[in-house]
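These notes open a run of structures that come right after.
In the two assemblies presented below, chain A is common to both, partnered first by chain B and then by chain C.
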Partner chain A sequence: MATAEQATAPIKVEEAKPGIFRRIWAGLSIIFASKIAVVGLTIVLFWIIVAIFAPLFTQYTPLEQDWKAPNQGPSASHILGTDELGRDLWSRLIYGARVVLVLMPITENFWIPGGTAIWGVVIALIVGATLGLMGGYYGGWIDEIIMRLLDAMMAVPIILLYMIIMAALGASAVNVVIAITIVGTPGIARLVRSLTLDIRTREYIRAAETRGENPWHIMFFEILPNARGPIIIDAMLRVGYAIFAMGTLGFLGLGIPPPSPDWGSMVAKGREFILTGSPYAALWPSVAIASLVVGLNLLADGLREESMRYQ
Partner chain B sequence: MQNSSASANNIVLDVDNVQINYETRKGDVEAIQGVSFKVREGETVGLVGESGCGKSTIAFGIVNFLGPNGKIVEGSIRFQGDELVGRSEEDLKKLRGDRISMVFQDPMQALNPSVKLGEQLAEVLTCHRDISQQEAWEKCIQMLKRVNMPDVENVMQRYSHQISGGQQQRVVIAMAMLNNPALIIMDEPTTALDVTVEAAVLDLLDELKHDFNAANIFITHNLGVVARVSDYLCVMYAGQMVESGPLTEIFHDPRHPYTMGLLACVPRLGDSKLESLLHPIRGRVPPPAERSKTECIFAPRCEYVTEDCRKARPGFAQISSEHVARCIYATEIQDRALTKKRKKVPEAQELAEAPKEDLLSFEHLKVYYPQESNSVVSLFGMGEKKFVKAVDDVSVRVAKGRTLGIVGESGCGKSSLVKGLIGLEPVTDGDVQFMGIDTTKPVTERDTKLIKEMQMVFQNPDSTLNPSFTVGSQIARPIRRFKTAPRNQVKDEVIKLLKAVRLPPTFYDRLPRQLSGGEKQRVGIARALASRPDLIICDEPVSALDVSVQAAVINLLLEIQQVFGSSMIFIAHDLSVVRFFSDDIAVMYLGQIVEIGPADAIYEPPYHPYTEALLSAVPIPDPDVKQKEIRLSGNVPSALDPPSGCRFHTRCPRRHEMLPDGGKICEKDTPPWQDSQRGHRILCHIPIEELAKIDPVIHKADA
Partner chain C sequence: MAKFIVRRILLLLLTMVLVSMAVFLITESSPGNVARNVLGAFVTPEQEASFLAQVGLDKPVYVRYFYWLFGSEWSATRKVGLPLKRVTTQDGFQEWWAVRDDGALVRWKLDGEDLYAIGRLQSVGVDTKYKNNEKWQTDASGKSEFWGVDDANHVVRWEKGTDKEVWTFITGTGWKKSSGGAIEYIPLKKGFIRGDPGVSFRTGRPVSDSIWTRLRNSLFLAGTAFVIVMPLALILGILAGLKEGSFRDRALSIGGMMFSVTPEFATGIFLILIVAVWLGWLPGATVIGEKAPWERLDMVILPVLTLTLIELGYILRITRASMVEVMKSPYIRTAYLKGLPYWRIVFKHALRNALMAPITVIMLHVNWLMGGIVIVEVVFGYPGLGKYLLDSAMFKDINALEAGAMILVSVAVLTQLFADIIYTFLNPRIRYA
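Right after this comes the complex of A and B.
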């Protein structure tokens, strides 16, 4: 179909459009070059897909109670078994994944797209990247103030910090996001700062400065895009940490309040019945958290290795 | 040079038809193919070629340092009669550092920073022979003295970061000589050094060659350096040896188009844009995977290419007993080449005559950097504040449409000067006038109209463009910002600029990583041109490029200056390039301009003693040219605490002989500006009449 004439004349238009696709394809080909990353991606994609299409994967709702069959093991009607109130574990698991990865409850009836963990990391990225860019680019006393404040935050043990924040704000999805943001910001800011310190010495930054560009333009348009590789990889790891943190908070009763299907609180509830012969209610959510965190770590590691090799 | 070929017919190394491959994921890649040369005792063979031509691969191949994926697949390498190919690691280990030693480009990386220099040196001896630590130590001291190292006992106790770059390279050379090796391989040993230091190291290598009678392989991309040190020359291109022969024969009678191209594309010291042309070689060195196996490897870039060249890889044509060239037209090519001469008809002469108004002038400009001190006193803000005086009291004028060249060694303040000018560094003191506007404010506080008129071209092609954006959007950015074209015509304007820098419009959508170094530099120039500036500041725009590309970029800049009529400030450390490019030249030393004037006047007496030393250090790619040997002693003093009086007095070779009472005045008083003629000024105590009596540094042997 593509004859020689076609190829010569409208080349500019054609080159611009598949540019985006080619870039996405280039990104994907990095993932596919690494076996570890492919395994990681499979695990993560599995959870994302079951979370998005949760109603299609189960006939139960996560809140539907079956009084006649509490604490059951896997069976034909309940593939993963039921919890102490006879709720279907598979259904609670995949609706729980929704809260983590796909939808975030602002109030009881108002949900926004993007999971709680994702929102937490995204906001932490925005705040952390801004602080890191400012510290790294301006230097001097601005850098000193920002970094010392973040150091002070990093000095507090993470679990303690989570508990203080949640205890102060109360348990809700929005507050979990705030907690993840506060805890994640210092690490991201440090990473972005160190990348900025390197990139700001490049000559294209000099060129932008000699054009008299606004410092914010230089930070967000000249520096940030070139720091994206390590930031993306770090963000993947951070989503893993955030999921883990959500699990911890849920377990401690500081997470998203019941009856919402939260993995952490499922483990906490199911824990009581492990010794009575029905470990499944605690087991499955633990496996879910672990697999998702491991999946994200594998994906990030594989990407990092492969992109290093590219350089 | 003459006696070596007759007396020492002792072949130390015989490389015969070697091919080296690298295994990659895409299969084997041919890195080196068909390389043959011989190195005799007391002789230096120079390997020249641009980057990516496989010069270093040969050197590593000889000692089999090719890494896990490199291997010699064909040919033989005989060292003192013994075959090296296929030898075991153990055997080679015994040879390396003992019979064969290497000197690398960066002395900083060749020396272990955490071991004292004396121990590192002694280890070379104790490792290879049965010798006591004491004896080894003594030998090392002798050897360091031999390489003209000052204060030897002390140096043995120091770490590598405590001595200067030139001294580090001397230590590395001493280390290479310790076991009295039969073969020394030097891989760009002077590339990382300043010209005056480089000249001293090259002198040393020459001395050592005569004293120790070792065979040398000298790898470099610099034709000037190779002309100074070599007896024989091998020209490498894309992994193949394309020409080899005695040095003078190759320089006078090159027979391969690539060698001819290389010689035609570097400006010789003294050449100027008014009377000569540079001939770049088109295209670039193909990466190993794209090299054709069925045609002449140089065919895509060759000016004399015919259909016959594309039929097969040519073999060597014998020109004289030792001179061979890999070209099917080698015997007749000289007749064709005669049509192309370096000379240019002087047409733009009147440009130099008409006095024009000043575009830019700076008076008593100072750029100081505050130096943080670690003492407790300064922690409380009570200590004396120290400053690095990067630029100290500099006054220059640049006339409209002219080019000012600034030369000097690294650390002389040439970059700080332009950074102060363009507003990237705060100006400590002084008066800068640009088209009558005061320009001492930092760039963030300047008016866009002023910013627009001053743009910069940068040194490093790899970092001059933002890797995240396409070429088009990066050139478009200044157009949008300074509104040099209406919004809907920005793209047309970008394509116009791409054409001006000789790039096709298809580059609009390319990302920087898809471009070669020379292409990136062109885009950088287009970006600087986008705001239609009156003044373009070029900070070493060609020093990171290969010579063939360098010529093309210089030609482009000259052309742009003619078309756009912009003035330029051209910074470089290469005196030949600056001479070629500039109308006026300022020589800087330690934050001050010591000599300034029209380009031709700088390169002829009267000289400032520092200029004289610089000129005598420049390696000239012509074995017939003889230079005076003036070598500076000592290091450049720290700009934190510059010498009193004349800043050059600590190293000045002239003051003792030319001033009464050994030049005491230089230590006390700041020298005056002395005017010669046509605006040529020298900052020196020595009367200008005396300086004018000095012989010119450079003279052709036959003239």
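Right after this comes the complex of A and C.
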């Protein structure tokens, strides 16, 4: 009897729920089916790896200044050259990738895991999904108020929002996250609302309602998990937008304040030296941000194409 | 339809009011101080207070908002008791004067205990200065005070015997300390809704002087890019969408995606490096000063090209997606089966429906495009509205920031209205009641 149980138990589990590795493998095989997704994944992984292991890839710190060698081109000691203060551009680039993707500076000495762009998207997702679920599930005047509010937010030019937010709050990583959240929320809320409107009519929602589940439980545990597909692809594109927005804010002088290595502000500073004959300080961060954003978009595009083919 | 348009215009006005209030409140509550920005970090508290009073920043925020929106000369007229008039001098400066009962213009000046009036007869154009002490109004406690127009476009309240010291900051010269200062200042302006948002703290000139030139420059930039992008993107998008999955389709859509997701500043830097630095064909910055951009077209090419590349990819992809969808639809298959020639199916049947989506989406995209214009203007140093707005926001130059923000919001909302109207014409199934 005991032996029979032992023999059947693992099989049952496997049938009920494929293992985590198998599910990851299934996800990866979608990526590997599409060439552009593989290219995108390679670029994104490159940046994630150099960002995580940044200290292993360079002998300099991003703030180390060499007054004898400012504005130099690529050489053996500085692979990508130096900026106007003689700081190594390669180290600034990969530590800059850290700020975007891996670590977020809250204060000068306190960093939390998860890059600034990632946090911006996560918080926008939380706020946007909550608003969208509420609007879509409750309907009526709650929906009306939420939608009118989002309409008004969408009517304000994004760049104006950035300027006002950053002028009001000042430049810091936390405020960049707030700016990304405010700008990203309306789009996510609209997407989640439209998905909710569809899923709300399904039978399992009826069943949950009949069981007398709490509306919040229905929204977050019945509707949201079933809407995850489009939300995940949208989120991937949004990480791209968030990196785009971070770069733009940094370039306008509204982003993470110096001397922290921020790609956008590196370009803004390097721009001043382009016409005096040292283009590298502006070139490399531009290449970095362009490649990362393009990589993310290739990945999202490939995923979307493949998942549509499966459907 | 008319009802719909009216409702949308009301919505626009509501949005503008809300945004203008939000800008005021946010700028109010934010750290930093415009006085420090104008005067530098080494200003004394007395000088700062004197400056803030003269530009009217010592007033509560709702008063300033009211003055900004409707103008301040209404309440000022009541205080002075004479009508006020704005005249433009031969040098192009704007001056405010009070109008006396006999039609002459008059201003006042305090010198020690004495009040002097400066009268100007418009017909003669000669100023006369005379003692005007009978204007003092003494209240019960024996204090004498007088509301009048001073020589720097304020309505001010003087109090006899105080003879306050006043610091005036003259840009380029520095501080000038003088006597004859007033207790209270109201800077005179006509208000935003009558086309005068006040004086910019950053430039010291009326906002309305510079903002229209800046807007014109920005519109020139955006308009040129638009004229180039539209036909090009639509044609390329249709070409890509005709045959989904072909090499041409993949090359165009991936290329378009790359251009459209790369941040504007990165594209701009690449173009500067390639065209201006490496090839040396064009100047890498737009240094046109007060000149109109079309007088130096060589300097405008790169900014226009940057904008073009970014918009091109976006519109191309929308058009492609729409074209792909239409080409898959049953009525196109029917047209094939009927044996119609290929070009006729494309031009006569597919195109009309395929263009519906991009045309409306482009209009909605204007919001995003404005952000691109700001970046492009900063990259190339192009003197447009976006750069003006950014500089004003960093400086906390509230008059200029508000005026620019209002222009941006109205452009955004009006294009959305325009998109809705076009959409009803293109798609007869939609009727706005």
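One rule holds in what follows: the second predicted complex is superposed on the first by the 295 of 311 C-alpha atoms of A that agree within 3 Å, B and C clash if a C-alpha of one lies under 4 Å from a C-alpha of the other, contacts with A are read in each partner's own complex, and residues count from 1 in each chain.
The working rule: a contact is a pair of C-beta atoms (placed from the backbone, for glycine too) under 8 Å apart; a residue touches a chain by one contact, two chains touch by 3 or more.
Note that the structure is a prediction, hence the values are computed from the model and not measured.
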When chain B and chain C are modelled together on chain A, clash or fit: fit
Which of chain B and chain C A:Ala155 touches, first, second, both or neither: second
A:Leu28 touches, of chain B and chain C: first, second, both or neither? neither
Touched partner set for A:Phe244, first chain B, second chain C, both or neither: second
Broader residue contact with chain A after superposition on the shared chain, chain B or chain C: C
First (chain B), second (chain C), both or neither touched by A:Asn226: first
Chain B versus chain C as contact partner of A:Tyr204, first or second or both or neither: first
Overlay on shared chain A, then closest C-alpha pair between chain B and chain C (Å): 6
Residues on chain A lying within both footprints (that of chain B and that of chain C): none
Chain B residues within the chain A interface of the complex: 422-424, 443-444, 446, 448, 451, 454-456, 458-460, 463-469, 474, 477-478, 481-482, 505-506, 508-509, 524, 527-528, 531
Complex contacts: residues of chain A adjacent to chain B: 11-12, 15-16, 19, 202-204, 206-207, 209-213, 215, 222, 225-226, 228
Contact set on chain A toward chain C in their complex: 36, 152, 154-160, 162-170, 240, 244, 247-248, 251-253, 264, 267-268, 271, 274-275, 279, 282-283, 286-287, 289-290, 293-294, 297-298, 301
Contact footprint of chain A on chain C as seen in their complex: 15, 18-19, 22-23, 26-27, 29-32, 254, 257-258, 261-267, 269-270, 272-273, 276-277, 284-285, 367-368, 370-371, 374-375, 378-379, 386, 389-390, 393-394, 396, 401, 405, 408-409, 411-413, 416
